[in-house]
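Look at the two complexes coming up: chain A is in both, with chain B in one and chain C in the other.
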Partner chain A sequence: MTIAGMSVVEILEGQQRGEFTPEEVLRAHLDRIEGEDVGAFLRLCPAASPGPGPLQGVPVALGDEVCTEGVETTAGSRILAGFVPPYQATLAANLQGAGAAVVGKTNLTEFGMSFDMEDALCGRTQNPWRPGTTPGGAAGGAAAAVAAGQAAAAVAADTGGDVRIPASYCGLVGFTPTYGRISRYGVIQHAPSLTQVGLLARKVRDIALLLQVLAGEDPQDHTSLPGTLPDLLAEVGEPQPLRIGIAPGAYKSWAEGEVYETLERLWQETAAQLGWQLVEVDLPWLDLAQIARRLIAAAESSSTLGRYDGVRYGYRAKDAQDMRELFSRTRAEGFGQVVKGEILLGTYILGDKDHYEAYYLQALRARKLVYKSWQGLWQEVDLLLTPTTPELAGRGKTPPEIFTGPSNLAGLPAISLPCGLVDGLPVGVQLIAPAGEEGRLLRAADALEKMIDFASSRNGGGQGA
Partner chain B sequence: MHDFEAVIGLEIHVELSTASKIFCSCPTTFGAEVNTQCCPVCLGLPGTLPALNRKALEYTVKAGLALNCQIARHTWFDRKNYFYPDLPKAYQVSQQDAPLCVNGYLEIPVGDSGTKKVGINRVHLEEEVGKSLHAGETIIDAVYSLLDYNRAGIPLIEIVTQPDIRSAEEAQTFLESLRNILRYIEISDCKMQEGSLRCDANISLRPKGSTAFGTKTEIKNLNSFRAVRRALEYEIKRQAGLLRDGLPVEPETRHWDEQKGVTVAMRSKEQTSFYRLFADPDLVPIDLSAEWIQQMERELPELPGARRERFIDEYGLPEYDARVLTAAKEMADFFEEVVKGYNDPKTVSNWIMTEILRYVKEQGEEAEGIPLPPASLVELLQLIEGGIINRNQAKEIVLPEMVASGKAPRQIVKEKGLEQISDTSQLEGVVASVLEANPDVVQDYLGGKEKVMGFLVGQVLKETKGKANPRLVNEMIREKLKQ
Partner chain C sequence: MPVTKEEIKRLGEIIYLDLTDEESARFADLLNPVLKKADELLEGLEEEPLRHISQLRNRMREDEVGIPMPKEKVLANAAETQDGCFRVPRILED
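This part shows the complex of A and B:
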């Protein structure tokens, strides 16, 4: 078994048994980066080195929205070209403190503001399962890096599915914890109220290990959650009797047939063995949630991205004659089309009292409604099981975030697992839990993962590692 | 001819004197070298987030309590979005819909002994922006502009009054009272010349007796209390002139030109923009418990009004003295310290209100405080009481020297050789020769003209170069002429 392509747990256990050293692990992953160009990385971290700690020698990729001290950080935007942060994102510091080796910064759509990786401006990223197919976005580079064995895990921002969608397309585990569980300090964002720092890895246990290192209150992030998590890895074990919500009606109407069938087969085959009681629920608010999420993201983006004005750092328009020209040309030349469109939309809905009432306030009301709907749902079920994406990679007819966005609106923990292949491309299943219930979520995901045995199906198809 | 009444409301910005900024740990010291007190957070670098300084919250709530406001139990911050180079994030974190403090008032003195309540509409907390220096008149026609972000992120409160102020003088009194109370509770140094207290004024006129509001103008660039008063006086005259001539008052922002003593319409303002305000998602809403608010109230020091009443009760001072002494915290503190060492409150009060206040006023309206330590005044008063120097010497010679050099009064008396001669044996000869040299005056005195005593004492003082103890000389002459 080659080192590149191993899970985090396998790497740690192999090192412990003395089968290979942290340096060999790093070398193996760097070799894979050189050998297999999927366009995952925007730049490598020259100083990557493993240290002692619970993640000793684990090669981790960071989305380029994560600030790394001394290493250029652009969030995939021309407007930040050449920006080298003089500070470290809290999560980057925590990873290094735990001994992980940050190998490089991965590609994403500009500021993570599109789920369509084709919108990325800093190069094309391939889906390792099928070159020429999208890996999904916004964290397409992070997912491609892990799927191609160039990193054992990755960390990136998720505002509506940016980690889970590419995880689903690339046959990986993608996870977002409760809002505020992992510090957002130093993560370049566009829509802070929706941003949950997400994790990508091969196995649920890898996620538990990473989360243990990254979770915790950060005095530099006012929205970070107080309190500590229980020992998640110790908790991942025996299957628990759970009430699992499914909404076949909604899934059928949004998802393509083969995706739905894969999911249906999965819950029919596994529920009984896992001790799960399936509870049919209704999710009539999915499209409302999708629109509300979109409007809130645009509104917050129009404000959060205002700082890129060419005055202090990043791209600056040349030969501007005055302040207005400096601002408008810097932003016109520095931002790409998608970002400009979102900023315009956000400015429109916040920039006038009538628009504010009609769109932003309505979106906030819808968000509250979605929040209440989740509260109601948790009276009936312990977890909700959905397809992660409505379609396979590259189909692009339905909003890919239709099933992933609603958890961001309420800051809920969610996880996507690979559950099968259709046409040689991975299909993902998503589990969503009430806020604060990462333990329940990871236990159930670990049990389900064991039933699926995706690794052997992978050997039958696809070339991703 | 109409008789007009002015309707004035003030908007005051006050920088809080917290040790660190509102969302990061940068210091807030005034006058540091440019761009040395900033960090990734207050520069709004990508990915950085605000961490709320609890002290800023406490100070704002204390200001609200001192101004008799209701304190919001649930509040949050909003983003006020606009583009300007000194605004690092392109939005200012402020409070629009949920100010921390609302519906208060400040009682100010009017006339000789009256008071009046000026309503406080709101007090809210926000962050300070950076400072721009333009090589040109405005940023638009400047050749270049320089930016200093030291100020960016200093906690700032905005205090908005109700339109309850009726004259320029009242506006000045209000500001003085406000400054005093904020200094009492030690939340700001309130220095207008350093910009830690800034004021804009809204003013309109209406016919006396009317309750409707006229068209208002907003006056900016008011850099001192005097400027506030003068600008409002000017604006009242200007608006009254327009109205008398049947001309409209334009609703506009006007700039106070200190040199020329006039307000001028500012270059046509940018179209008044909606600031795209919305709740800042990076800061969680704040819930304040009744217990915490009570705790803040308990931590408030004695406020000027209560202290004034106590000065009357405890020290037996007249109302007027109590009001003057408590009009500045430093002065009231000074008074109480001096009385501890020299227990004659009225004498101390007289000295402070006449002599000390003169030196304070010489420093201008933003006096840093009393120019001598309380112990020095105690010593000076003891020197007078002990007959070592007389009152005139104390006022004319010793006190000015104390203020100028900071030396102790006893030392000054010694250096200048001012000790009074209170030893009768040293004065016997002088008294005898003065009486001998003025037989006519002595006759007048013996004939019942008591008034001439002053002349005789004066002669003795002249002979002793003012060092003779006048009371003692008086007694000696009286004694001698009895015989």
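This part shows the complex of A and C:
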């Protein structure tokens, strides 16, 4: 196996055995970036270099919404063109402090506001499994970079499935921890009550390693969780009996036939091979959660994006005669169509008492209903197993976030794993856990990953996926 | 009642976003299906609104003087500066 395409654990073990150096690892990934253009990166970090630490020499890509001191950061938007952060996001500093080499900044939909990379404004990103097909979004560039062997792992924001959806489409592991587990200081986000920092890698153990480095309270982020995690790597691998929730009725009604059949075969195998007890549950609120998440995200966006006015940083319209013209033209020329639509929707539902009560307040009531439903579900099961996306990459008929968005509404940890191929494209399975139960989630995901053995079952595409 | 392009235009003025008539019409067409779906699904819910799932709490710290970000760094990203300040178009009338 070539170095570019190895998992994080394989890179670290190879270095320990003296098979290659951190510098050779970095060179191999940079060569892959130069040699295979999937449109994953918006810019490279010229100062990328490995250092000592638990992630020594691991090449990591960052979504372009993560502020990197001295390296332009745009969140995929024209309105932040030329913005060079004067400070480092906590997560970027932690990665570098652990010895990782941040190789570059990856493409995303503008401010991460669409799950369809076709909406991205900074160029087309290809799905390495099938060029011409979407890698999914918002973190499509991050997923394409890892799937193409251009980085061993990536970090990006997840507000409704932005990391897990592209992980599913690109045959990778995509993970979002409990809300607040990883600091969001320096992460440009549009819907702060929903955004969790997500991780992309090839293997569950890679995720455990990254999480160990990135988790922790940050005085700069007042929503970050106090306390430390147990040794997740030590815990991964300990088998345990689990009650696994499945909702065949909901999955059948939302997912396309081949995706459903792949999942059905999978959960039957888990019962036979892993001894998991399957518990049928009902999820009648999926469409309610979908619309509630959409409205809450739009409302928060209309507020958070108010700061982009052309005065202090980013794009500024030329030759404005007064402040109103400066603001209005800067924002009209700087924002793309998707962002304009979202902030108009958010302003509509916040800007009038009747609209506020009919839409925003009702969306928050729906959020409470979904939250309580999760609480009830955890009385019956230890984890919920769902398809990650209802369809394969590029189909685009059903909201891709229908199964991923509900966990963001409640800040729950969730993980997507590749579990098979349909028509040559990866299918993802998602596990969701109660808040704070990353250990349980990663142990189960590790066992499931070993049972699936995706790497040896695949029959083509996706460099080293 | 469906959103009209005139309402969208008015919203654009509130949030300082110049919109053409064509854009306003397009965004009205875009918002209406979303609001219709919301009307269908959200009506009649009576739960307490849940604004945030985080257990937010006050975090106290010593009131110590820190090292602020140098002014040059703060101004480095601005499109126009003058005499150590952000430069903007005229605010006051003659």
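In this text, the second predicted complex is superposed on the first by the 458 of 465 C-alpha atoms of A that agree within 3 Å, B and C clash if a C-alpha of one lies under 4 Å from a C-alpha of the other, contacts with A are read in each partner's own complex, and residues count from 1 in each chain.
Here is the rule we go by: contacts are C-beta pairs under 8 Å (C-beta built on N, C-alpha and C of every residue); 3 or more make two chains touch, one makes a residue touch a chain.
Small disclaimer: the values here were computed from a predicted structure and weren't measured.
In the superposition on chain A, contact of A:S303 is made with chain B only, not with chain C. In the superposed model, A:P59 makes contact with neither chain B nor chain C.
Of the two partner chains placed by the overlay, chain B and chain C both lie in contact with A:D322.
Shared-chain residue A:L350: touches chain B; no touch with chain C. Contacts of A:T223 after superposition: both chain B and chain C are touched.
Contact with neither chain B nor chain C is seen for A:P418 once the two complexes are overlaid on the shared chain.
When the shared chain is aligned, no partner comes close enough to touch A:G405: not chain B, not chain C. Applying the stated contact rule after C-alpha superposition, one finds that A:Y313 touches each of chain B and chain C.
The wider contact with chain A, measured as residues touched, comes from C rather than the other of chain B and chain C.
Once the two complexes are overlaid on the shared chain, A:G137 sits clear of chain B and of chain C alike. The contact surfaces that chain B and chain C form on chain A in the two complexes overlap at residues 83, 86-87, 193, 219, 222-223, 302, 306, 309, 311-313, 322-324, 327, 347, 351.
Chain A contributes residues 65-67, 73, 75, 80, 83, 85-87, 89, 184-189, 191-193, 219-223, 299-300, 302-303, 306-309, 311-313, 322-324, 327, 347, 350-353, 360 to its touches with chain B in the complex.
On chain B, the positions that touch chain A within their shared complex are 40-41, 43-52, 79, 81, 83-85, 88-91, 139-140, 145, 147, 274, 276-278, 281-284.
Interface of chain A with chain C (complex): residues 82-84, 86-87, 179-180, 193, 219, 222-223, 287-288, 291-292, 294-295, 302, 306, 309-316, 320-329, 331-332, 335, 340-341, 343-345, 347-348, 351, 358-359, 361-369, 371-372, 409-411, 435. Of all residues in chain C, only 3, 7-8, 11-19, 23, 27, 30-31, 34-35, 37-39, 41-43, 45-54, 56, 59, 61, 69, 73-74, 76-80, 86, 88-91 touch chain A in the complex they form.
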